[in-house]
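Mind having a look at this structure? Questions to follow.
We just call them A, B and C in the order they show up, numbering each chain from 1.
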Amino acid sequence: MSSLILMDVALLVTLMILGVPVAMTFIAAAAFLVIFGDYNSTTFLITAGYSKVSSVVLLAIPLYILAGGIMTQGGIAKRLLELADSILGRYRSGLGVVTVITTAIFGAISGMASSAVAAIGSIAIPRMVEQGYDRGYATSLVSCSAVLALLIPPSATMILYGWVTGTSIAACFLAPLLPALLLIALFSFWNMVLTKKMDIQVAEVQPFKVQMKTVYQRAREAGFGLAMPLIILGFIYGGITTPTEAAAVAVIYALPVAFLIYRELTFKSFYDVVWKSAQVTAVLMLVIFTANMLARVLTLEEVPQQILQSMLAISDNPIVLMLLVNVFLLMIGMFMEDVSGILLAAPLLLPVVTEAGVHPVHFAAIIGTNLGMGLITPPTAPILYFGTLIGQTTLAKVVKPTLVFVFLAYFPVVLITTFVPELSLWLPRLVTGL
Amino acid sequence: MLEERQSQIQHPIWLFKLKIQRLIMFITSIAFTLAVFLQVVTRYLFNYSLFGVEEFASFAGVIMYFIGAAYATHERSHISASLVDTIFGEGRITAGVHAFTRLLAFVLTVYILISMWDLLVFTNRMSTKSTELRIPMIWIYGTMFVGLVLTAFYFLLEFFDSLRATIWHAPSEESDK
Amino acid sequence: ADTTLRLSHLSPPDSDMDNWAQQFAERVAVETDGRVDVRIFPASQLGDWEEVYEQLAQGSVDLAIQSVSTKFDSRLALTWFPYTAVDYDSAKEAWNTGGFLFNIVNELIEPQQIQALAPYAFGLGGVAVGRPVSDPKNPDADHSDLKIRVWPSGVGTHKPLLERLGFSTTTMPWAELYTGVQTGVIDGMIGGVPENAVRDWNGVVDTWLQLNDHFEINWLLGSAAMIANLSEEDAAIISGIAADLATERFDAVEAADNSYLQQLRDAGVTVVTYSKEEMEAMAAAVRADAWPLMKPEVGDELYALIQSHYAN
């Protein structure tokens, strides 16, 4: 690798650590290469960014954010939680499992981990604490499971991956789904182990009939929310709409549910939800805009080829290559959140994984699980930090359980996903034919 | 805490401008949602496609992104990965580093604005039009330019706030956790 | 090398276009004694062709092999105007360097600071459909249950064309096309040649209609700024190589199309080809009924020119 590129990476990491907004660090890294390189015009930076953000395909991101926002404002999180609670609440470690599963289902409505933390965390954490769960533990559990939002469709991360690599978004949506189920199982298992020593009060066991009645009532309430992911998936895989259009359908569906059925949305709060969702999107889009400037300059400097050559110089064994790819993604995950990570890593690593014989849809799952893990691994762990804000606790108190989830749940899943292609390819193959 | 730091910008014109930004974000969001939905309805139910709807939707999206990015800068909600806050907590060091990073963010936005300006001049000279609706692209690029100018401006404001906090070391801004 | 030129093109590595680009780069290196180094960026790495076209005009990309965009001048829709030069010999005559359509295009793009160094003959166009098509040779058949995607800048010409031939038309972003046909959201697309059907639509094409609706012509385009920076000698060498390669490609394109059609048949795709009379029937219907609707795209002057050349 050329020294100019290494200096550029150093610049990028330094500015990130100092806290320069991520979008601006990408401009800095791009500008550095342009200034020291051979370029006679810089307008291509703008057209490179514009051509990506003006894509109709990427409209899926604001649309899913908006659909999730409306459902959240409409009170879906609370209803999902209550439904799960009426089924599993009477078991000792039940509320923890309820939280994991609710977050997973909420992830099927929302495309972003942060909205899962905010929506589920603000209800589930106080409730767990009330039952005797450790606050730091409860926060950690919510934050770690919130990452499921990007592994369960719809997912902003997968939309971006499909978009930058030219891979079918419908197939990418399904790729990380089984790894996500594996994570849910592992989270639930470690939840049982870790809550053993806690003094947890469980609600009295109700007679079966009474319990069933509660389950039925709450299922009816939550059903309108639960129907949303089914509608989205049905529209996409049933050949009615593209993933982007399914997102618009989801928004339109969410409106009567939130306004008329749940009756928790008013015109004032609707107005606020829309512009606040727009703001969330805009922050992401600015990152996408500038990340594409940097990506274009890296292409012009032929960096992907350089990375491929340096990795092949170490080994051309597919297993070693994929381990290197995972190390690379781990490092990216240390410093970047998933959106920036995908935009930078996917084009850089695609030549390497292709060389290792990995299918792009399989790579979607690998990159998704890796960068998802990055959201909760220090030094930069945005979802964990956000979780501590929602859970009103400190980083020190969430670190220990988080390490358990990272090393004994995430890490094994990342490796299994990498080396068992069928786990990520079986479902897309079955549904879309790949 | 946020409100306190931004207390110097309560002028009615200022608030009106923020109100307009929120309105634009709302209208554009609704516009592309309806446009994409309309496409589904006409194609699926009536076997008929409206041409240009997608271009319209993507333009509404771009306007929303850049006006929204400026608003997000005002609200200080950009994604950043600062380790300085985590290590040093709130105080003079963090405020100083913050002042530096916002100044840098301002400079970098200006760098992009210069390229953007070149593109505007080029677009104006060539009278570039969109391929489907034949909308003059100067309008779309122009909106991006306005959004980025506002973004740069808000970074500059935040720089001055942080600089003030560094020099006078505002102690009241600690405990928000 | 004294000069490094960045060449963008839209086909994947090892495609016909990529091989053509590699040959161009090699010959330029040899004939300029290494003074000019052409670096190739395949597969739209430097942006899709609409964006790269703008970059050519701004001088940020030096060379590109792709279509000309209509964003600065809608008359350039001339390059895919249906049923003009639609057999290999007349296409070569009209489009090859110095040909009558080549000259018109080169004049149209001159104010955009772009120069057409040479045409690249992509092949004869057709329609890829994910389902069987009944009665495909009847210009008056009803295919309204088939939704065919038209690329954005082709709407002015190919929407009227398809609708005249009885199809429904629709839009869809390129990135969603393959899955769109796979899941059945849409049924097919126009705007490609047999090579696209083999490479890009592999697995979703059921029927390929070799409509010959237009001769898909791409261009080796150079930014005027780049050419101005070259020595006169090197500029002449590059133009010469481009012209030679263009002719070589014209001579090879028919065989390429046929070999791709055979690959389609081998893969079990129903390939519909048209005899001269059948093709004339399709062309006559389009020229009579759809051409007038396309007139606003190319303007009165060019339309009159096309009519005088091809209408009878």
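As a working rule, a contact is a pair of C-beta atoms (placed from the backbone, for glycine too) under 8 Å apart; a residue touches a chain by one contact, two chains touch by 3 or more.
Computed from a predicted model, the values in this text were never measured in an experiment.
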Interface with the most contact pairs, given as the two chains involved: A-B
Chain ID, smallest distance between chain and overall C-alpha centroids: A
Cα-centroid distance, subunit B relative to subunit C, in whole angstrom: 38
Between subunit A and subunit B, centroid-to-centroid distance (C-alpha), Å: 23
Multi-partner residues of subunit A (each touching 2 or more other chains): 41-43, 47, 55-56, 240-241, 244
Where subunit C touches two or more other chains at once, by residue number: 50, 54, 58, 173
Junction residues of subunit B, two or more chains touched: 39, 54, 119, 122
Subunit A residues within the subunit C interface of the complex: 38-44, 47-48, 51, 55-57, 162-163, 166, 168-171, 236-244, 296, 299-300, 302, 432-433
Residue numbers on subunit B that touch subunit A, as the complex places them: 22-23, 25-26, 28-30, 32-33, 36-37, 39-40, 44, 54, 57-59, 61-62, 64-69, 71-72, 75, 77-86, 97-98, 100-101, 104-105, 108-109, 111-112, 114-116, 118-119, 122, 140-141, 144, 151, 177
Interface residues, subunit B side, partner subunit C - complex: 39, 43, 47-49, 51-55, 119, 122, 126-132, 134, 137
Subunit A-touching residues of subunit C, taken from the complex the two chains share: 4, 6, 39, 41, 45-48, 50-51, 54-55, 58-61, 172-173, 175-176, 178-180, 182-185, 203, 225
Contacting residues of subunit A [partner subunit B, same complex]: 15-24, 27-28, 31, 41-43, 45-47, 50, 53-56, 58-59, 62-63, 66, 240-241, 244-245, 247-249, 251-252, 271, 274-275, 277-279, 281-287, 289-290, 293, 335-337, 339-340, 379-380, 382, 385, 388-389, 392, 394-395
